[in-house]
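In the two complexes that follow, subunit A is the common piece, with subunit B as its partner first and subunit C second.
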Partner chain A sequence: MALSGCLVVIALALTLDNPQFADFVLRLSIFGLYALSLNLLVGYAGLVSFGHAMFFGFGAYAFGLLMQTGLVSIPLAFVVSIAGAAVLAVSVGALCIRLKDIYFGILTLAFQMLLHAVILSWVSLTGGDQGLQGGIPRPPFLGVDLGNPKQFFVLACVFFFGLVLLVRQMVESPFGYSLRMVRDNPERALALGLSVQRYKLAAFVISGTIAANAGVLMSLYVSGAYPNFAYWTLSGDGILMIMLGGMTVFLGPIAGAGIFLMLNGIITRTTEYSGLVMGIVLLCVVLGLRRGVLDFVFERCGPWAVRRLSREG
Partner chain B sequence: MKKTSKLGRSRRDFLKSAAATAAFAAVGGLARTARGQSNEPIKIGQPTILSGRVARLGESSRDGAQMAIDAFNAAGGLNGRKLQLVTRDSKGRPDEAARVVRELINTDKCQIILDSEASSAAFAVQEVIRQTGTLCMHACSETTSLTANPKIRAANAFRCARQDIHDSIAGGRYAAQFVKQQGFKRWMICSPDYAYGRDVSALFFHFLKESEPSVEVVSETWPKLFAPDYTENITKILQTKPQALYSALYGGDLVTFIDQGNLYGLFDQLTLFDPNMADYTTLEAVKKLPKGIHSGDRYLSTFPNTKANADWAAEYQKKFNVPPINWSWQNYVGMTFIIEAMKKTGSVDSKALSDAIRGMTIDSPFGVDGKITMRAEDQTIINYAIGWGVIIPNAPYLEDIKPADWNVILELEKDWKKKKGYI
Partner chain C sequence: MNLPALLDCVSSSSCVVTQVSTGLIIGMLLFLVASGLTLIFGVLGVINFTHGSFYMLGAYFSLTAYRVTGSYFDAVIAGALGVAVFGVVFERLFISPVYNSNVLMQLLVCYAFILILDDVVKIVWGTDFQTMGMPATFALPPIHLFGGFVPPFYVFLTGLTVAAAFSLSVLVNKTRFGKLVRAAAVNRQMLSCLGVNTSLLYAAVFGLGSLLAGAAGALAAPVRSMSPEMGFSILIESFIVTVIGGMGSIIGAFFAAVLVGIIRAFGSIGYPLFTDGLMFAFMALVLLVKPTGLFGRKLA
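On to the complex of A and B.
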């Protein structure tokens, strides 16, 4: 299903040859992955992280810096930056998951602001507030040339669908169900012999690594990395995307990212008061629907969906 | 099987809507072709900041560009084709700026980009237009490396804005004269803690010490950008008791700093040098302007003190009901370069326009001797008015202005570029 979806999108983009559509799909694959990874924590593990942009920013900077040395190939830089993000996630996660609720959220926020401060002040390495300048080189590898927008588009789509599929497999696996139990009833999980801390840490690391993937894609998309990639506002955007799309449905965060990007596009095209309009729309969704759009749809079509699901089952 | 049917449904819907979109686009395209190209407006895309604390940047940039466009359109445009400015808010975020520029080029069919982004977003715009090859005029970013660094420069991108290095040389030289007269050797720095503040302060003292090696920076304090409270920094300055203070604070931050400094009588005890004071928005926002601050001109209708400049400022004020500021003239001149190139080539082709703009000299009220040149070698403007003087509490606000010597600026800039490995 994911494969055919991937093929349809790629085929559509290539036949329509509409740069705007391709741009939207690219951005959706970046922010969709980002929101999906955050929902692993928020939705499945019950850990509301306010510092998720830390991994997004880390991925973008690590990849950009490695490529700018001119010494490594794209796959190597990719692997190293993702591995780096995993190490970062293990060390930050090990400290954060000991805390619960708001304390967990604030500590993740603190670590993110720490990374942001390092990016801003280590000017000789990161370029400070100007970001990584001069573009990110894209030497061809294994016959793939990411300097070609079409090839980059195809790779980003494959990447996106691949990772979504992976996450889907994971949340439907025993690991995913254990995570839900850890979220809903940690005592029971403990009584059944599950190490609650280990499950939480695993979720934190997986989620951080996927966010770093999104960061790498972003750095290739804008050909640079900027401090706002690791700023709290981006963490906030992630939470908004999840709230918009819904956290109980697997594809909710991706739908939320799509709605968020479309709204942002329409609003900036039509008005100067983007903040005001965006705020009102978000208020309407939050106060009016009281849940994400996909949650709402699924709940409304509840009996039908349940019947369908049970038939399929 | 069921799963396939579910997918089939959504895919059909998706294809249907995609087909509808394509059909709509095709009809639109046909209609456009039928109307013919001759009277279609030439669209200029302008990514900028219209929200948040620096919304003034976007507003004044849009007004400045619009003024040049209106004059050109009133005179008949390019063979009957009018110019149309499409301004979009990027909120100052680099990734959003990149998206907005792509959208302006791909969807709105803008043929030229007038980039009115500050700081890092300008670098993101540079990467987009490097790929698309669209003509781009950066009209707000003052960061030297955008055009000085050959790795960042692009053949189709120009800068029509002040440059940090030019302002710092002028400031350093002016301060050196002051040190010679007054014998002030003990200096202190109070600049915003980010790349711009650090770079400009370092450059200022580099050029000051080059002329006056005896100058000593006895202490430094680095307030955060957009800090609401400067008590800590002011206390440190009062304790250090420097003879002169250099600050690269600007806009709202500078206003807050001066208002709070006044409470402590800070400016009675030392002489402040700030390159960013003499801009109308800043001057008018300060509650009580202390006497004797030394500042560079950002934009003043009295410098250059010519009729052309005063007339331009009066026309701007009449049209938009606000005084022009630095970003206004920069965008106005940026747009003027584009318009002059269109007149010269009769075309809107990026390559043709770029070739025409490179090395072009235009008449401008903001240039030394009424002329500004787009230097060919690094595609940035030179010979614009730079001067330092002393702030007074009422209009014309800056008196005793000493114009900077562009021969000195160009010579020192060249040495500095060699040191940085840019040449």
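On to the complex of A and C.
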């Protein structure tokens, strides 16, 4: 089902040839990936991170800077930035998971803002508040030319669906169920011989690494990297997306990213006071539905739909 | 990084006086906002992320009151009370439904209100920067102190805030109301079983916290320019103060606020771009060494 969905979207975008639609699909795949990775942490492992943009920003900057040296190919720069993000996630995660609940979240926020401050103040390397200037080159590799919008689009979609499938395999694996137990009952998990801390760290690293993937894709797409990629508002947007879409349904975060992007698009186009409208919509979702949109839909459609969709993903 | 400038400043007494007094002012305003934040968290267990917006509202309310009445004292009272009333209504209508939800729900309600209030301010008061100007009462020559000059308003602000901190700690530690508040922080159900109206108590605590934020806004009005984004930055800083001082600790908030104010005043000379980084690094360090903050006890 996922594969056919992927093909349908690609075919649709290519036949329609509508730049607006293609832009939406690309942004959706970037932010969908980002929200999905955050939900791995928040929804499945129960670790509420306020600093997830740290990895998004790191991925974007690392990749952009590597490509601007002109010495490496896209796949190599990609692998190196993701490896760098993993190292960052291991070191930050090892410190953060020592804390619980809200304190965990605040510490992640502190580290994220530290990265943001480094980006802002290290002007010679990062361009400070102007962001990475001069564009990111896209030399062709293995017969793929990302300078061609169509090829870029197809590759981004394949990349997105590949990672989504990977995450899905993960959350349905014994590892994924262990994470849920660590979230719901850490004492029991410990008694059964699971190393709670190691599972938390693993979730943190995997989630951060996937967010870095989204960051790399973003820097490739917009051909630059900007300090707000690592700012707390993006971490907040991530939380917004997963709460809008729903944390208990696998595809919830992606739906949330879609809703968020559409809302943002419509609101900024139609009114000057986007915050006012967005705030009211948010209030309605939070106080009205009291859960994400997909959570709500699935509860209404009953267990049949949940089983069916969660099997097919 | 500009170390020579920092060294220059530290070696000149007039610059030290200027920076310390600026730091104290930042610290005092931060304390007023952070103490409300910490009080609400300590008792209600909710992090009120709209607190920065309350500060902003306080500033704008007092601006309007000042323009209407021409009296700065009326303006401060209007700012503080107006925001307190707003806070109570906000708590009853929007925060009380999510007391038992997870922290993300509370976060989202607050975030929605940050967006809404910013735009409401834009609609009512306009998007431009606005200034109140120094009220006539304080338009006096600066006070000469250790080779530097300090505006009289700074002295007034510091004195008032220290008095507020003192009364707050007396209120929480020595009065019957304070006893109830501390009891509610420990066990709300038990307290309501004993016949105390805890909903009213919660609303009162939220109102008190909002009052402090509104007062901070009103006191900041003569020395800060106002813009619809002013709530964001003070929210982040007072949040850092709350965490460093220990969430729920009012004394902790006071010391942390002064500390952050001084770091900010001198950091703006030495490391203008990395001042935020310094504060976050400090916060991370405190969290790692002592997660409950420097003075982390409940409502000490």
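Note that in this section the second predicted complex is superposed on the first by the 303 of 313 C-alpha atoms of A that agree within 3 Å, B and C clash if a C-alpha of one lies under 4 Å from a C-alpha of the other, contacts with A are read in each partner's own complex, and residues count from 1 in each chain.
Going forward, a residue touches a chain if its C-beta (ideal position, glycine included) is under 8 Å from a C-beta of that chain, and two chains touch if they have at least 3 such contacts.
Because the structure is predicted, anything quoted here is derived from the model rather than measured.
K.L.:
Clash or fit: subunit B and subunit C on subunit A?
P.N.:
clash
K.L.:
Go through the superposed model and pick first if A:G131 touches only subunit B, second if only subunit C, both, or neither.
P.N.:
Only subunit B; A:G131 stays clear of subunit C.
K.L.:
Which partner chains sit in contact with A:L120 here, subunit B, subunit C, both or neither? Use first/second/both/neither.
P.N.:
Both partners, subunit B and subunit C.
K.L.:
For A:Y221, is the partner it touches subunit B (first), subunit C (second), both, or none of the two (neither)?
P.N.:
first
K.L.:
Considering only the touch criterion stated at the top, classify A:G236 as touching first (subunit B), second (subunit C), both, or neither.
P.N.:
In the superposition, A:G236 touches subunit C alone.
K.L.:
Just to be sure I read the superposition right, which of the two partners does A:M278 touch: subunit B = first, subunit C = second, or both, or neither?
P.N.:
After superposing on A, A:M278 lies in contact with subunit C but is clear of subunit B.
K.L.:
Does subunit B (first) or subunit C (second) touch A:Q20, or do both, or does neither?
P.N.:
first
K.L.:
A:V286 contacts which: subunit B (first), subunit C (second), both, neither?
P.N.:
Touch partner of A:V286: subunit C, not subunit B.
K.L.:
If I apply the document's touch criterion, which positions on subunit A are contacted by subunit B in one structure and by subunit C in the other?
P.N.:
120-121, 123, 128, 273-275
K.L.:
Where on subunit C does subunit A make contact in their complex?
P.N.:
So the residues of subunit C in touch with subunit A come to 1, 47, 94, 97-98, 101, 103-105, 107-109, 111-116, 118-120, 122-123, 236, 239, 243, 247, 271, 273-274, 276-278, 280-281, 283-284, 287-288, 291.
K.L.:
Which subunit A residues qualify as touching subunit B in the complex?
P.N.:
So the residues of subunit A touching subunit B come out as 1, 4-5, 8, 12, 16, 18-20, 23, 27, 120-121, 123, 127-131, 133-135, 149, 218, 221-224, 226-229, 264-265, 268-269, 272-275, 308, 311-312.
K.L.:
Within the complex, which stretch of subunit A touches subunit C?
P.N.:
42, 48, 95, 98-99, 101-103, 105-107, 110-111, 113-114, 116-118, 120-121, 123, 128, 232, 236, 239-240, 243, 273-276, 278-280, 282-283, 286-287, 290
K.L.:
Which bits of subunit B are touching subunit A when the two form their complex?
P.N.:
2-3, 6-7, 11, 14-15, 18, 22, 25, 50-52, 88-91, 93-96, 98-100, 102-103, 106-107, 119-120, 123-124, 127-128, 130-131, 143, 145, 149, 151-152, 193-196, 198, 225
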